[in-house]
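We just call them A, B, C, D and E in the order they show up, numbering each chain from 1.
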Amino acid sequence: QTKIEGLHVWTSASEVGALKVLTDKLKTMGFEWQDSAVGGANGANAQQALRTRVAAGNPPAVMQFLGFEGLGWAKEGALRSLNDLYAKNGWKADLPPVMLQFLGQDDSFFSTPINMHRQNWVWANKAVFDKAGVAVPTSWDELIASGEKLKAIGVTPIAMSDESWQIEELFESILIDVNGPDFYKKAAIDLDESALSSPEMIKTFELLGKVRGLHDAGFTGRDWAAATNLVANGQAGMQIMGDWAKGEFLAKGMKPGVDFLCFPTPTATPNYKFVFDTFGGFKIDNADIAKGQDAVAEAIMDPEVQKKFNLIKGSIPARLDVAMDDFDDCAKRSFSDRVEAIKNNAIYGSLTDGFAVEPRFSGVFQDVVGKFFVTDMSAEDAVKFLVDGINNAR
Amino acid sequence: MSRPIPLSDRIANWLPRLVLAPSLLVVLVAVYLFICWTGWISLSSSMIVPKYDFVGLNQYVRLWSTPRWHTAVFNLFVFSALFLGLTTGLGLLMAILLDQKIRVEGTLRAIFLYPMALSFIVTGTAWKWILNPALGVQKVVNDLGWTSFVFDWIAQPTFAIYCVVIAAVWQSTGFAMAIFLAGLRGIDNSVIKAAQIEGAGLPRIYRTIVVPVLRPAFLSVIVLLSYIAIKSFDLILALTNTGPGSSTEMPSTFMYSATFRRDQMGVGAASAMMMLMTVAAIIVPYLYSELKEPRDGH
Amino acid sequence: MATNAASLRRQHGIGRAFIYGSLFFMAAFYLMPLWVMITTSVKHLDEIYAGSFVGLPTQISFDAWRSAWSEACNGTACRGLKPYFINSLLVTVPAVILSTGIGAINGYVITKWRFPGSNVIFGLLLFGCFLPFQAVILPMAQTLGILGLAGTLPGLVLVHTVYGIAFTTLFFRNYFVGIPDELVRAAQIDGAGFIRIFVSIMLPTALPIIVVSCIWQFTQIWNDYLFGASFTAGENAPITVALNNIVNVSMGRKQYNVDMAAAMIAALPTLIVYVVAGRYFVRGLTAGAVKG
Amino acid sequence: MATLEIDRVRKSYGAVDVLKGVSISITDGDFLVLLGPSGCGKSTLLNMIAGLESITSGEIRIADEVVNDLPPKDRDIAMVFQSYALYPTMTVRQNIEFGMKIRGVPPTERAKATLAAAEMLQMSHLLDRRPGQLSGGQRQRVAMGRAVVRQPKLFLFDEPLSNLDAKLRVDMRTEIKRLHARLGTTTVYVTHDQIEAMTLATRVAVMKDGVVQQLADPQTVYDRPANVYVAKFVGSPAMSLIPGKLEIDSATAVAVLDVVNREPKRISGIPISKESAARFNGRKVLVGIRPELFSVSAGEPGRTLLVHIDVVEPTGPDTLALFQIGGVEVTARVPPKTVEARKTATLSVDTSKIVLFDAQTEERID
Amino acid sequence: MATLEIDRVRKSYGAVDVLKGVSISITDGDFLVLLGPSGCGKSTLLNMIAGLESITSGEIRIADEVVNDLPPKDRDIAMVFQSYALYPTMTVRQNIEFGMKIRGVPPTERAKATLAAAEMLQMSHLLDRRPGQLSGGQRQRVAMGRAVVRQPKLFLFDEPLSNLDAKLRVDMRTEIKRLHARLGTTTVYVTHDQIEAMTLATRVAVMKDGVVQQLADPQTVYDRPANVYVAKFVGSPAMSLIPGKLEIDSATAVAVLDVVNREPKRISGIPISKESAARFNGRKVLVGIRPELFSVSAGEPGRTLLVHIDVVEPTGPDTLALFQIGGVEVTARVPPKTVEARKTATLSVDTSKIVLFDAQTEERID
């Protein structure tokens, strides 16, 4: 069996469990998966490992990519084209169109996606909500206002952390929910300077500022999963986090809709923000490995693999044609919302997780948002820093 | 009647140089050549992979226009000053105390050293909890009845860096102690006896006799701690992850994220060059003053 | 007069008490995080997530230790830390020996066989200490690629040795400076050559600093993540990479108890080195060597 | 200034017993010289007086105060170490000033005292050097300077002049004597130099293997050594001890030397008490004759010896003549060129200074 | 075994000139004793011969070979360091065996040689100690042992016996003499001990401030010192130098001492060459009289002095009498109790051994 080395960042139990689905499939196709996991630092460790290996002339056969990572390597001409496979299998049609820009350029594909996470979720403890008399909010103002009621019964309204990325999750939800998907595209994807410096932006920061009063003192350096647990335990009312948080509730045997609530961040204009993982192959002068790389792509695009994979990982299949019957309610909602959003052109990549702009820009957002939240910076200053930062990174 | 020096003697004469040569060679390549490489990259437009073009000082301009970099530089100075001062002082104190014929010296030494052994990705978590006002020290003290006690530096952008200092001191003091202890063990006891006879108390003896003799050990410690300060990376990531709000950013974390997370290899290289220049500006004069002095017989 | 002596004895006792007091106080402070780690490692994960981060466990369980040792997942390989120990040993032991040996002989040359420019060379070596390693990873990778050592343990040994030399040389140079030159002279008169003096005279007196150097190098190399993650892959990975993968999860829950146990397990060899090597912090190695 | 009492002091390093019950007591202002072979425990004793070594058993009292547990810094002692123990990082000046600084002597006074000491030690030009830049003798003088600038209760000197040239040593000896005369500080002084011991001491203690053999004033130790060991040890060249037999002839004692030139020889006029005379009459004795008791001339019959000179050793001012009596080598100090090797010579002996020892116990016969 | 030539050797430490053109040349088998005040450069010279210090200028030749650039280990030299320089981590045995080990001496031979040396140094019982566990004198003996077990081309000893007691020192001196007699190894020996210098040396070099003052055999150095410095330096107590004027009276020289008891005093019978007599007649001279030239008795008028004794110093075998002649202090060595302090005494002088020096150049007048 040819060994196919895969470099990835998946190290938690659910991630590894999901990956096993893929590797098992590969085995049946005659390839052995040789695992190289490098976790941590939001993927930077893996990126660094990858770069050194490319520099040493020793790249892995396949590499997990998030967001823009693969595109850069594709531009360098380091990745193997999967055009033949795409053409043969008609994968283009099976995938949400917004994904394609991350899988290749100008109809030239180098990677295949295996899943999709939704970023803009609110996770709430139903018992707490009931006790405080809080209903699912329909707007951010309402959500913030419900904080007082939650405080009144002695729970932390929003479980969160002072880590910049967690705050940014909140920020980007407000950004798109309050200003609409079009504005989100202009500001967070096109980086239009007028949008970035617009009053809408200031308003977004102001709203974010109002959340400041809704967390507890222990939010310093808190792990997102610890925050989720606060909600699950009823110490906090809700958390704004991607759907990876769901596993924490399920692990406790809590049922969606019964014990906990999952609903999209409140907005007048429904939208869907995504995060997904892909795998691409490096050009290696070895026919066996090339075959293996193809096999990886085919395994990933196998609907059955996608289903089993995402049942474990908590996300939904990248493919649009996978039956969702076995999934939980939150996943089902994610799936149906996606269909809706695609129709409405309201589906965009998550800013925090690297699917909106290239990392050097998204980093600026994170810097400014993170700093804004923990200091007494004014919204106007924040916007100014944001614009300067983006311009400096251009 | 001078005779030609035989080859074996000439080799013997060159032996010291020959011995140093491989180290020098390796360092010339692995340090200085690579610094040149980094310097070159800092002048290029490199993003994901190295590019060998030339864009002048653009990356440096970009670097210095980044507020986070300013924070990083400021933090480096604050951190280094406190860290070096505290660690050296505490390490010396520990070494001196341990040198007083202590019964459980071995155990204590291991206790002071163990923080170095533990990977900071994990000990950082422990510290994070200890320093967290809702979980750690503050809570314990509050629970004990002193309810007005506040220790929430880690949550305060202006104070969080001091938490990093605390953890870093905790981690590195043991090693400073080890170096000082080795130095102390090398000192001839008779000098200390002489000072005792002259009526000097222990503190005085250490201050005026022993510490000056430990000067080379200080050089070791200072170089080493500077290295740790500059390198402090795991520490920041695990303890504060540069937060809250990038307030504990350090040049090393900045460089790493620029190079590997934000695809700004040129900026990363520029920051590396800035770090090296800063180090050179501070350390080179120090090294010069330490090394130029003619050594005494012993 | 006896009272005077007694009061002095008491004074002496107070001095000792003060010394022990401060040492134990510091020891307690130093042990605090270890206490947190140990208690956490024997807690059940749910208890931790229920908010009991600091504090005593309600129920002690060593599952986390077992898991960390033999079950925790490093990627798809769920064999705990066990298999990576050997990799780390294969890297650390030779690299520690090599770098300490080279540093010792460098320090010896720089202090006892000075020649014009030897101090400059020392300065050059020393400046290498301040190199931000993140900045040299890529050229180093290229170099290893050229040498054909990319992704191998010998390659990693080489890297660690190269970047360890600066430190070990520093340690030994600064220790040997204090050893009387007369010893080298006496040995020269006895007919000992360069190497012989080093082996027979200098090394035996250098015990404490050999210990320091070994402690430092062992710690650095054993705990190194950056080079390990960069220059090895998959099964060759050193223990820190495995530890990192156990600890650093991006979209899953952190298993704090396993993390803590894993960290302590990973630190064991280093701790053993501390304890064993510590015994060679001996006093008076140069006693009686010279008069004056 | 103080009395010093050393009371049954013992010291062991593990299994090695270094001092085996030493008792010495001197009064205020005494100048005690410790004499003894290398390794007999002199430095150890000094270190114990100074408080630098623990006392295994016994007591040391300074000014009537038991100091066993007093830390060195509170004993108010100045000491010259055998190994100098200079502070390597300080200049000579700083080395000398250190003790005064600690005692809070004001800077101007300090500088004055330092200069005076440097002057006395003939090293004013070296004050800004580090110990590493000095010669052996210069280092020793720094060690000396460090002690003499102070005015302690007790001076301890451990072979303070051993590395100085003869001329300097004479100067230093005079200075020490002057210092002692001026300050009257009780002093304990280790030396191997005969003349130092004799000229400086008010009391001499001769030690051997950690045991005091004799404690007396220097002339007594020289003239009336307590036992064979002291007789042999003090004086250079050493006293010759010739085996013989004691006979009492009217009032004066007569020793019969075993064999001189193949026949027994009687020498008379040896001072000895009545009791001893009675007790040792006819018993075997050792006849102790110092080299300077010989002179090259014939005297009365009971004081003259005809000997065959084996070796002649010129030492400058004198010549040492070595010859055999009764199987032991005897040394005579004679003026240069008065005797020749491998020739016979007539020597007379000043028998009034001869000392007798019991051949069995090796103790002196009074 | 080898000749040793030191040819205009200079040494400076930075601005300090330590040796200022030293030239000494000795032949195979010579035993050269270096004498000189503390800090005059003796150890430095030894170190340069051994190759341990660089030579600033000049040449050193061993066995006719220039060794300036020869590393120490190839010079085949054994040396006793003034500071001992023992290997602190080795036992005494290992210290002594080290040199032999390196030179590939087989173990059994090594053990034998070590035992022999230890025996000779009276330290067989210390072989398994570390230097840190030894007394000062014992350490010095280890340093000595390390050298004497070897059979080098050249022995260098730097005050090897300074810390030993008188008795041991005599033994060691004899052993060194015996060693030299047996091996005939060329030796350079630094000592401050008069008797060592006189008894061991075949050549003595007296140095001062890095300059050789006199190089001659020991008796010559003692009897006919080249200049006032050597005269004063060699001999203890030192030679007294009394200012006077030279007058020639028939064939013998007469020195007129400046003032003795308030009037000038003539002493006659001083040996001096015809040329010098002519040259120095009526000129100012220094009259050099060694203490042992005096004796307590009246002699011929030109040899007798009536002096007022100021101080009496007993040294054991003799007594030193100090008195003033012409404003200088004069020392006479006399038998004990023959003179009294603050009394007048009649002393006669052996004028045939008096040495005269030119008062201006301070050089000896032949």
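Going forward, a residue touches a chain if its C-beta (ideal position, glycine included) is under 8 Å from a C-beta of that chain, and two chains touch if they have at least 3 such contacts.
Just so we're clear, the structure is a prediction, and the values are computed from it rather than from any experiment.
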Far-end chain from chain E, centres as C-alpha averages: A
Pair of chains with maximal C-beta contact number: B-C
Furthest chain, CA centroid comparison against chain D: A
Mean-CA-position distance for chain D and chain C (Å): 56
Approximate Å spacing (C-alpha centroids) for the pair chain A, chain C: 39
Centre-of-Cα separation between chain D and chain A, whole angstrom: 94
Junction residues of chain A, two or more chains touched: 40-43, 45, 48, 51, 55
Residues of chain B touching at least two other chains: 12, 50, 121, 132, 135, 188, 213, 256, 259-260, 295, 297-298
Where chain C touches two or more other chains, by residue: 134, 138-140, 180, 182, 193, 205, 244, 247-248, 284-287, 290-292
Residues on chain C engaged by chain B in the complex (per definition of touch): 16, 19-20, 22-23, 26-27, 29-34, 36-37, 40, 53-54, 102, 105-106, 109-110, 113, 115, 118-119, 121-136, 138-140, 143, 162-163, 165-167, 169-171, 173-175, 177-182, 193-194, 205, 208-209, 211-212, 215-216, 219, 222-223, 225-226, 240, 243-244, 247-248, 256, 259-260, 262-264, 266-267, 270-271, 274-275, 278-279, 281-287, 290
Residues of chain C that touch chain E when the two form their complex: 180, 182-183, 185-193, 196, 200-201, 204-205, 284-292
In the complex with chain A, residue positions of chain B that touch it: 47-50, 62, 65-68, 121, 128, 131-135, 152, 154-155, 157, 237, 239-247, 256-257, 259-264
Chain B partner contacts - residues on chain D that touch it in the complex: 47, 50-52, 71-74, 76-79, 81, 83, 85-90, 98-99, 102-103, 130-133, 146, 150
Residues of chain A defined as touching chain B within the complex: 40-45, 47-48, 51, 54-55, 68, 72-73, 76, 162-164, 216-221, 358-360, 363, 367, 370-375, 385, 388-389, 392-393
